[in-house]
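Chains: A, B and C, in written order; residue numbering restarts at 1 for each.
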C-alpha cells in the first residue's frame, strides 16, 4: 500500500509544482502555463476532429513502419544468421551502416515522397530495422550455442530442432527487438512530422508553438508521452504473456 | 566475561519472521573466545552457522542477546574484525588489482602510504603470492583468490579473524594447502581465529577448540578442547588416535542433533 | 611468417569484401545516371572532396561536433549524478520511477518546439535538445547498474568499514560502470540523431543544416555528399566510443573473456 502511494507521489509533486510555480510568478506563465490549463486543453483537444486526425495519422505511420521493419529485420536476420559465412562477410557492412543516423535519409526521403506519410515510413523502417536485425542475430547466436549442446545429445530432426530448440530460444530476442523497434518507430514518426511536415501530432506541436498556442503545444507533447508509455506497457505485457512459459527472459535496458 | 576474552557471545537469539512464518534460527548461544585461540565452529547444515557468523560480524542484528568484541557491544561490523567469505570470487573487487584490493581497507584506516605498502607486501609474502600484486583477481585460480582474501584480512591487522567456510569451494589438494597456510599464519602472527566449517576433519585439524552446534533452534551441543600435539601437519596429525576420537565424538554429536531435529520437525507458527 | 600474413590478408578480405562489392556496384550502377535525384556516385564523391575536406569541415562539422560533445557530456554527468541516488535509495526510486518512465517515453523531437520557445533557435536550444534526449538511457541504466550491486561485495565493504564516499567511488560506481556504459552508448546514438534533427529544424549552421539547405535549394550531389559525411561522422564517433569503452572496462572484458574461454 505504501509502495503504491509512493509511486504516485512523484507525479503528485510534479503536478503541484507545475501548478503553483506559474501561479506564484516563480515561472513565466507564458512559457509554463499552470498544469490545470494543460489538462483543460487536453480535454478540449479530445473534442476536436483535428486532434483525432493527427493521432490516427501518426499511429498509421508508426504501425506500417514497424511492420515493415520487423518483417525486413526477421528476414535479413534469418538469412544472415543461417547462411554459413554470411555473418562474417556482412559484419563490417553492418557495423558501418548501423551508426548512420536514420535522419541522414531525411533529405532523400523528402525528394522522393515529399511530406506524404511514406516519408515517415521509410525513416522508421531504416531505424527500427537495425533493432530487430541485431536481436535476431543475438538470438540465432544463442541458438547456435544451444544447438551444439543439445541437438547432438538428443538427435533432433530438423523440424524438431526448429520447433523445440530454435524458435523458443529466438522468441525472447525477437520480442526485445520489436519492443525497442516500437519505441524508435514512435520517435521517428514524430520526427518526420516535425522536420518534413507530414501530417500528424509532430506537426501539430510545431504549428501550436509557432502560433503561440502554448497550452495546446504542451498538451500534444503530453499525448506523445502517453503514446510512448502505452507502447511500452503494451509491448511488455505481450512479451510477458507470450514468454510466460519461457525459462529465461532477457533483460535489455535501452532507451 | 572472562578476563582474556576477545569475543563474547551472550544469550544470542535470532528469530526470522516473515508473515506468519517464524523460524528461530538461533536459540540461546553462549560462548567466549579467548585471545590467541583458534576456535572452529561445526554443525549440521541448517544449523544457523551462517546466521551466527552474520551476527558475529555485525552484518545482522540479533533478536536478543549481545555480542561483545573487545569489550564493546557489536552494533554494526566491528572495526577490529576481518571476515573471509566463502565466495572468494565475489568478495574481491574485479576492477582492482590484487594489491589494490588488499590496500583498500588500509586506506580507509587512514594508514600512511609507506606503511600501507609494507603491510601489503608482508601480507602477500605471508600467503606466498609475492609476485601476484599486479594481477587482477579473476586472472588467478580459486585457491589463489582465497589467499588474496586471507592476505587482505591479515594486512588489516584485526583483533579477530572470522572465516566462513572459506575452503568449501576449492578442491581437496588446494584445501589442504590453505589449511596449512591458516595454521602457519595463526601461529606466526598470533591471531585470534573463528573458523566456521561443515567439515569435521578440517575443524579438528585446525582448531584448538571446536564448538559443535545443534540444529535450529541452535545451541551449543558440545565444546571440545583439541589437545593434539603440535606441530600439526597433513601427513601425521590426521592419523593420531586422539584425532580419530575427537572426530568420532563430534560426528556422533552432530548425528544426534540431526535426528533430534527430525523428530521435532515443525516450524513454530505464530 | 607467411602463414600469419596469409591469415591477416584473409581476415581483411572477409572484412572488406562485401563493402567493396557494394561500393563498386553502386558506383557502376549510378555511373550513367541521369536521374536528378540520384546522381552518379562519382559526382557525389567529387563534391565530397570539394566541400567536406576543406572549408565546410571547419564551418559545419566542427560546430556540430562541439554541440554534440557539449550536450552529451552534460547528459552523462547529469544522468549519472541523478541516477546514483535514485538507484541507491529505494523510496526515492519508487517515487521517481513512474515519472521518469513517462518523461523518457516522450519522443525527444517532440520537445524541440518547447525548447525553441524557451531558448530560441541558437546553440543553446540545440545543446538542450541533445541533453533532453541523451540523458534518459544514461540515467536509467545508471539506476539499474547501481541497484544491482553484488551482495557479497557489499558485505565485504561493510566488514572492512568502507562507507560513504569511499563506498561510492571504490564499489558502487565501478560495479555499475558496465551498465552505465551501455546507457552511454545508446545515449550517444540518440545524441547524434538529435543533433541532426535540431539542426535541420533550425538551420543556422552545422552538418544537419547544410544537408537540409542543399536539399531545399536542390543541390543534389552536394546534398548526398553531406549525407555521406554524416555517415562517416556517425561511424567515427562510434569507433571513438568503442575505444573509450575498451579502456574503461578493460577489467570487465578481461573477466568475461576468461569466463567465455573456460
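What we mean here is this: contacts are C-beta pairs under 8 Å (C-beta built on N, C-alpha and C of every residue); 3 or more make two chains touch, one makes a residue touch a chain.
This is a predicted model, so every value here is computed, not measured.
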Taking a step as a move to a touching chain, how many steps at least join chain A to chain C? 1
For which chain is the distance between its Cα centroid and the global protein Cα centroid smallest? C
Among the chains, which one keeps its Cα centre farthest from the Cα centre of chain C? B
Taking the mean of the C-alpha atoms as each chain's centre, how many Å separate chain A from chain C? 18
Chain B and chain C: spacing of chain centres that average the CA atoms, whole Å: 49
Distance-wise, how many Å sit between the C-alpha centres of chain A and chain B, to the nearest whole number? 53
Quick one: which bits of chain B touch chain C in the complex? Just the residue numbers, please. 57-59, 76-77, 79, 81-83, 85, 87, 90-91, 93-96, 104-105, 107-109, 136, 138-139, 152, 156
Which residues of chain C touch chain A once you look at their complex with the stated criterion? 14-19, 22, 37, 91, 94-99, 101-114, 116-118, 136-137, 140-141, 144, 179, 182-183, 186-187, 189-190, 192-193, 196-197, 200-201, 208, 211-212, 214-215, 220, 223-224, 226-227, 230-231, 234-235, 237-238
So, in the complex, the side of chain C touching chain B is made of residues 150-153, 155-156, 158-162, 166, 170-171, 174-175, 177, 251-252, 254-255, 258
Chain A - residues contacting chain C, complex: 3, 6-11, 13-14, 31, 88-93, 96-108, 110-112, 183, 186-187, 189-191, 194-195, 201-202, 205-206, 208-210, 214, 217-218, 220-222, 224-229, 231-232, 253-255
